[in-house]
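Before anything else, here is the set of structures, which you'll find just below.
Each of the two complexes below includes chain A, the first together with chain B, the second together with chain C.
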Partner chain A sequence: MELNDIIKEENLVLKKSRLLTDNVMHYCPGCTHGVVHKLIAEVIEELGIQEETIGVSPVGCSVFAYNYIDIDWAEAAHGRAPALATAISRLHPEKYVFTYQGDGDLASIGCAEIMHACNRGENIVVVFINNAIYGMTGGQMAPTTLLGQVTSTTPYGRDAKLNGFPMKITELLAQLDGTCYVTRQSADTPAAVRKTKNALKKAFQNTRLKKGLSFVEVVGTCNSGWKMSPVDANKWMRDNMFKKYPLGDIKDV
Partner chain B sequence: MAEVKLMKGNEVIAETAIRCGCDGYFGYPITPQSEVMETLMLRKPWEETGMVVLQAESELAAINMVYGGASCGKKVMTSSSSPGVSLKQEGITYIAGAELPCLVVDVMRGGPGLGTIQPSQSDYFQATKGGGHGDYHLIVLAPASVQEMSDFVVLGFELAFKYRNPAMVLADGVIGQMMEKVVLPDYTPRRTDEEIEKQCGDWALTGKKNRERHIITSLELEAHRQEVFNEKLQRKYREIEANEVRYEMLNCEDADYVFVAYGSTARICQKSIQLAREQGIKVGLLRPITLYPFPTKPIADLCSKVKGFMSVEMSAGQMVEDVRLAVEGRTQVEFYGRMGGVVPTPEEIVEALKNKFSI
Partner chain C sequence: MAKFRGAIVVDTEHCKGCNLCVVACPTHTLALHHDVNGKGYHYSYMQNPEACIGCASCGLVCPDSVITVYKAEIK
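And now, the complex of A and B:
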């Protein structure tokens, strides 16, 4: 059998979502963002809601998310994506509105905006990528940086006395009555990727059912910021991040 | 038939917003403009016109909600007072950078810092020179009456959409709090989705359907491309400067001296003119209605006819800089102001005029 005999439509086991653009991703090899982008594109495509979905991208590594998923996008100021999404959703109640935010954007500078969007129960989806570091600005400490973790602004490791503690923002948000679904997932194995995709799909379906705010955290790697190989980064994440940020549903009402 | 009412300036902002087909208001309480949101909440326009009204968790959130709403081509607004408007500057520069229409109402109070809650005009620089980071301008309208609070909500939205640029109604605590007779505009229905599509279809976020995706952003990493964008913005501002200058002249025909004043100070100057003329001093008033674009040419044209200008402001002297730029040394320019929330009296303005020009 020749190679060309195998390359046929019926033998296709995986294809790129038509919602993923052909733009070359700027993410580092090994980064979690690319995988989650792909999942969001697939979920929007599978739910058939491309024409009704509006994304809000953050400031941080995923600032250019709008280059990769073929839907309408607004690019927010740092931390303010939930405020934009609030207005877009309220002015377009029939639309699917989601924000895509990192840990610095969501848990630090945008803490008030996410807290109150959750508390108001805005009918939106929030995708939160937690890689415990500011990637785009060169690897500074984030609210979710682990104790002892070395970053460019915690060169001797995060010290609770100096820098406070890693913030479990997702657990905090689950306390608020406006959130209907709060979950923490990862994307480091094929099984985890499938779970994350299911969580994202459920979140968008909640919007359809007007259930309130669905919050999907994905614990991810920043191998460049962590100064590790992608393989080592995944191992470090499993050994350290998952202990502080255990995976699974936190709230589902 | 037009409806005539006795209303507070702040209430009129809210009432006119509902009547002119505004899609959304996002605010945060601050004195002396809290009546704007209070009036809206009492009126419940979501039941009447479908207008969204939301009390945000902060001024920052409120202006970023406006950013989100404006991204959709919706007619959205916020209001605040000086300290709150400082917080809004982040969102305002993003909105200007993304070239979106919206309306921001600033009912100024005394500063700096938490300052006072009394009327002031000390945010002229912030309003007219940009306010946030980057080279941009707002279209700034300065109401001098409760009627103009109504008129400029309508005009502000009109100009904001015409130029895809944020517009600001820059009032002061006097105009916000005082009650006057106002002729309210007739109801204009909110635009339908089709009308928004027609007006904003080439850029607004309406859902990607049978077209390329729309991206609202102010980000451009490539410096040369960002310069090209800045040049485009500057061309827009030149166009605004050429087409949208608005001002009013009072008693300038025979005037030896001309007050330049806006907002409530312009109203006080009208009385000062009367007092001065009773003393045989021929004074007129040039009232800028648009603070940006500033009425530079009308002031320049008066230079050869008058002995001098006096800018009267509730500030340490901000607009006077633009008067001097217009005059370019051709005649005497003086300034009189009160600060910190103190409102000048007509008499002290006349005295200041006499002192400064040795009359």
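And now, the complex of A and C:
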């Protein structure tokens, strides 16, 4: 069997989503943001809601998310994506509104906004990319940084006495009655990618059912900020991040 | 039992050489090429094309969505 006999339209099993634009993502090689963007595009395409979906992008490396997925977008001030999403969703209750936020954006500067959006039970989806660092600004400590983890602002490793403890914000948000679905996933292996896609699909379906706020954390890597190769970063994430941030559903009502 | 052969096409100019597809491939089909693309990245390619089973693992983990996967039954 020659390659030409295999590479034919009728044998296609996977190709780039129609909703991903031709813009080259500005992310570093191997960055988790790219994988999650792809999954959001695929889910929106499969649910047939391209015209009804509005994303709110954050401040952080994914600030330009609106260049990559061909839907309507708004760009929020740092950490304020849940507040902006609240306004959009209340003005357009028939739309599918989601925020896309990093751990600095969501758990640090935007901690109040996410808490209250979850507590109010806004009918939105929140996609939370936890890479345990401020990627965009040069790898500073985030609330999610692990104890002992070296960052540009914790050069000797995060020390609980000086810097406090890693924040499991997802578990905190699950305590609030406005959240209907809270899950933590990853995107490092083919199986994990499939699970994250299913979680995202369920989250958007919850919006259709007007169930409240669905929160999908994806534990990811920032290989540049962590100063590792993409493959080593995935290994470090599995060995260290998953202990503090175990994968799986936390709440599903 | 039906047997399958697979093949992938990499958009080599947009591959960033991150190596994630190479380690995700269960059949060791892929490698980063000795040559580089216009951005200077060692792009992914099928070093052992006969080994590919079309499982799409490589495409699932690719952050830049530059892999297209095909799979055909061996007749």
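Everything below uses one rule, namely that the second predicted complex is superposed on the first by the 248 of 253 C-alpha atoms of A that agree within 3 Å, B and C clash if a C-alpha of one lies under 4 Å from a C-alpha of the other, contacts with A are read in each partner's own complex, and residues count from 1 in each chain.
Here is the rule we go by: contacts are C-beta pairs under 8 Å (C-beta built on N, C-alpha and C of every residue); 3 or more make two chains touch, one makes a residue touch a chain.
As the structure is a prediction and not an experimental result, all values here were calculated from the model.
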First (chain B), second (chain C), both or neither touched by A:71: first
Touched partner set for A:201, first chain B, second chain C, both or neither: neither
Touching partner for A:86 - first (chain B), second (chain C), both, neither: first
First, second, both or neither for A:52, with chain B first and chain C second: first
Which superposed partner A:158 touches (first chain B, second chain C, both, neither): neither
Contacts of A:184 with chain B and chain C, given as first, second, both or neither: neither
Chain B versus chain C as contact partner of A:1, first or second or both or neither: second
Interface residues, chain B side, partner chain A - complex: 23-24, 26, 52, 54, 56-58, 60-62, 64-69, 71-72, 74, 76, 90-91, 94, 98, 205-209, 213-219
Contact set on chain A toward chain B in their complex: 50-54, 56, 63, 66, 70-77, 80, 83-88, 90-92, 95, 112-113, 115-116
Residues of chain C defined as touching chain A within the complex: 5-7, 9, 14, 16-20, 23-24, 41, 49, 54-57, 59-72, 74
Partner chain C, residues of chain A touching it in the complex: 1, 3, 5-8, 11-17, 20, 24-25, 27-35, 38, 187-190, 193-194, 229-231, 234
